[in-house]
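Structures given as structure tokens follow.
Okay, so chain A shows up in both of these, paired with chain B first and chain C after.
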Partner chain A sequence: MHIPDGFLDTKTWITFTAVSGVGLTLALRSFKKEKLAQRIPLIGMTAAFVFAAQMLNFPIAGGTSGHFMGGVFACILLGPWTGFITMSLVLIIQCLLFQDGGLTALGANIFNMGFIGSVGGFSLYGLFRLLVWGDRTRPVAYALASWTSIMLAATFASFQLALSGTIDLSVSLPTMLGVHAVIGIGEAAITTLALMSIWKIRPDLMQQVKY
Partner chain B sequence: MHHSYLDKYARGTTAIHGLDARVKVLFSFAFIILIASLRASGFEFYLACLTLIAVCLIAARIPTVYLLTRSIVVIPFAGFAAISYMLTRTGGTTYWHSGPFAITSEGLIDASHLLARSWLAVSCMIILVNTTPFDQILKAFRTFRLHSILIMLLSFFYRYLYLLWDESERMQRARNLRYFGGKPEKQFAMLGHLVSSLFLRTYERTERVQMSMLSRGWDGSAAHVKLKPFTLQNVLNLVIGFSLLIILWWISTW
Partner chain C sequence: MKQVLPFLIVALIMAGLFSPLASFFPDGLEWAAERLGFIDHANPEPLLTSPLPDYTIPRVGDSPLSTALAGIIGTLICFFLPFTLHLLRKK
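Presenting the complex of A and B:
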């Protein structure tokens, strides 16, 4: 759902660039200087990890393949703000080096996938944790949160396209949600399985984040 | 490393490679913003932009095939969006219609403009990163007052990107060698393990890197990058670049 250049009109991309710029600056400011010294290698390398993990494809029906987005995964392991910065870095590098997502649409993409897709998904995870109890049902919360995060991000992307007058909401919303409902299943499966296996191997990592 | 670099032509020696990174970054960003914000213009504008891209491509000695294969990334999303755009536009001659959808001449023209815009922007970005080493781009961002921590994080990212990418390819190859297909749920379980072990390897590497950085006296501040002074020649190049953009804008009003 990386929006390319030319699909958002001037008012939409300027608005979302400003919103994401302010959000990112606030997230970076929220780190204290001494804490940051310990965090910089971690964030930079986790972002590179998310990028590398997105290279691992899984087959979807009909010869196509999907890959994992990793927003909720990063947030659950690193905390919501670090996760947001990580995902923003991934999107910036994808825009600059990989040309996946346009420069003018970068703000909108960071808002959709970086903010809504990870911090939004993470808050949903908190909500779903209230609904399910105990460690046995933990995977349910992971799966629901990551699936919903993809759907939310897709919804926002179609709203932005409609706001720019590119694609009518009546067309974009059903198609985007339809496609991403399937992609979201893959995301949910991988996020859940990966988190469960980390939980088995290094449970200490998952208790570091206070939430 | 078997995968091709994302910016494998970045360290060339042509005149375009020799231009100051700040000039190139400013010019390309302004070019992309111009393309993205101009709507419904005639095909002369796209032709002029294409000429500009082609001239840069030839001057920088980047193979055309490379540009074309790299710019395929826009297809999945842009293609989908252009098709839905085409189907919902009305006006002009109608070629086909069913229910709320129709293919009209207006729709075809607008959809092709949409595709042309995103393709031109992607090509411009490909040329930028293939004529400017990434550390130079980051230094240029630094002079534009981008958050210093963000720059540091981006350079870390770039430093470990290829390393982890290799790691993920090695793991994928190991999986393919030992694993002969299977049911979808089995495949997902395998992928989950791959992702988690990739993360753990990254995390453990981070701990080592961080320890060694701290033990060498790193205090979390960025090393100061010295940039070459912005000479008169750079100002002149920038002026030429922006006059080109003004000409493009003028063409779009035809």
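Presenting the complex of A and C:
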């Protein structure tokens, strides 16, 4: 869902670059310095996993493909603010080193996938955990939150395209949500599988964060 | 560090062995852009020329090996950059 250069007009990309810049600054300030050192390996591991898994495009019907986003995955492992920073780091590396996502669209991509799809999806995870009790139903909350996170990110990408005058929301939203509803199933499967594996093998990694 | 090493290895296997097998079909957004006719809004030339464009190493060419190497490089950078940034910040 990485927006390339040219899809967004000047006012839109400047706005979202500013919003994401301010958001990242605030998130970096919220880092608790004394705890940070011991959390760095987990941050690196999450960034590496998200980057690697994002490369694995899986084909879906109709000559299109989808790939893992990992926002909810990162926030559940790291907590929402560190998750947001980690996702942003991956998106910055993808943009600068791999030409994935435009330079002008970087702020919008950080907003959609790093913030809305991560912190937004994670908030829903909190909500779903209130609705489904106990560890046994934990995978249900993982799956629901990660599927919804893709739909949220796709919705905001469509908003930005409409704001830029690239394509009307009434045209793009049904198509974007339709295709991402299917991609979201992959997101839910990978997120749930990865988190449940970590939960089984190394539950201590998941208990490092209190949120 | 030791505790997360197995997970780094999993990530390296995904990026190094499985990435060349990934689907080349356009992703959801590209597909929507082609279908709805706004794909031509994309700049023909990117604003920034990246060292590893589209997850390939230019000198190795466009081959499965190139993708695998680019994937391994990217995964290692993602893993070690937080350590580097943290060290720089402490100074």
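Here is the rule we go by: the second predicted complex is superposed on the first by the 189 of 211 C-alpha atoms of A that agree within 3 Å, B and C clash if a C-alpha of one lies under 4 Å from a C-alpha of the other, contacts with A are read in each partner's own complex, and residues count from 1 in each chain.
The criterion applied here is as follows: contacts are C-beta pairs under 8 Å (C-beta built on N, C-alpha and C of every residue); 3 or more make two chains touch, one makes a residue touch a chain.
It should be emphasised that the depicted structure is a prediction, and the values quoted were computed from it without experimental measurement.
Trainee: A:I183 in the overlay: touching chain B, chain C, both, or neither? Say first, second, both or neither.
Mentor: After superposition on chain A, A:I183 lies in contact with chain C alone.
Trainee: If you stack the two complexes on chain A, which partner ends up touching A:L42: first (chain B), second (chain C), both, or neither?
Mentor: Touch status of A:L42: both partners.
Trainee: In the superposed arrangement, which partner chain does A:L169 touch: chain B (first), chain C (second), both, or neither?
Mentor: Touch partners of A:L169: none, neither chain B nor chain C.
Trainee: Considering only touches as defined above, state whether A:A154 meets chain B (first), chain C (second), both or neither.
Mentor: A:A154: touches chain C, not chain B.
Trainee: Tell me which partner A:I93 touches in the superposition: chain B (first), chain C (second), both or neither.
Mentor: both
Trainee: Which holds for A:M206: it touches chain B only (first), chain C only (second), both, or neither?
Mentor: Once the two structures are laid over each other on A, A:M206 reaches no partner at all.
Trainee: Have a look at where A:L193 lands relative to chain B and chain C in the superposition and call it first, second, both or neither.
Mentor: In the superposition, A:L193 contacts chain B only.
Trainee: Classify the contacts of A:T25 with the two partner chains as first (chain B alone), second (chain C alone), both, or neither.
Mentor: first
Trainee: Need the overlap of the two footprints on chain A, from chain B and from chain C, as residue ranges.
Mentor: Comparing the two interfaces on chain A, one with chain B and one with chain C, the shared residues are 1-7, 36-37, 40-45, 47-49, 51-53, 55-56, 58-59, 89, 93, 95-100, 102-104, 161, 166-167, 171-172, 175, 198, 201-202, 205.
Trainee: Touching chain A in the complex: which residues of chain B?
Mentor: 6-7, 29, 32-33, 35-37, 39, 70-71, 73-74, 77-78, 80-81, 84-85, 87-88, 100, 114, 117-118, 121-122, 125-126, 129, 134, 137, 147, 149-150, 152-161, 163-165, 167-169, 172, 184, 187-189, 191-200, 202-203, 205-206, 209-210, 213-214, 218-220
Trainee: Going by the contact rule set out above, which residues of chain C touch chain A in the complex?
Mentor: 1, 3-4, 6-8, 10-12, 14-15, 18-19, 21-33, 35-36, 38, 41-43, 46-55, 67, 70-71, 74-83, 86
Trainee: Flag every residue of chain A that touches chain B in the complex, lowest number first.
Mentor: 1-10, 13, 24-25, 28, 31, 33-34, 36-38, 40-49, 51-53, 55-56, 58-59, 68, 73, 77, 85, 89, 92-93, 95-100, 102-105, 161, 166-168, 170-172, 175, 186, 189-190, 192-198, 201-202, 205
Trainee: Given the complex with chain C, which residues does chain A contribute to the contact?
Mentor: Listed in rising order, the residues of chain A that touch chain C are 1-7, 36-37, 40-45, 47-53, 55-59, 62-67, 86, 89-90, 93-100, 102-104, 154, 157, 161, 166-167, 171-172, 175-176, 179-180, 183, 198, 201-202, 204-205.
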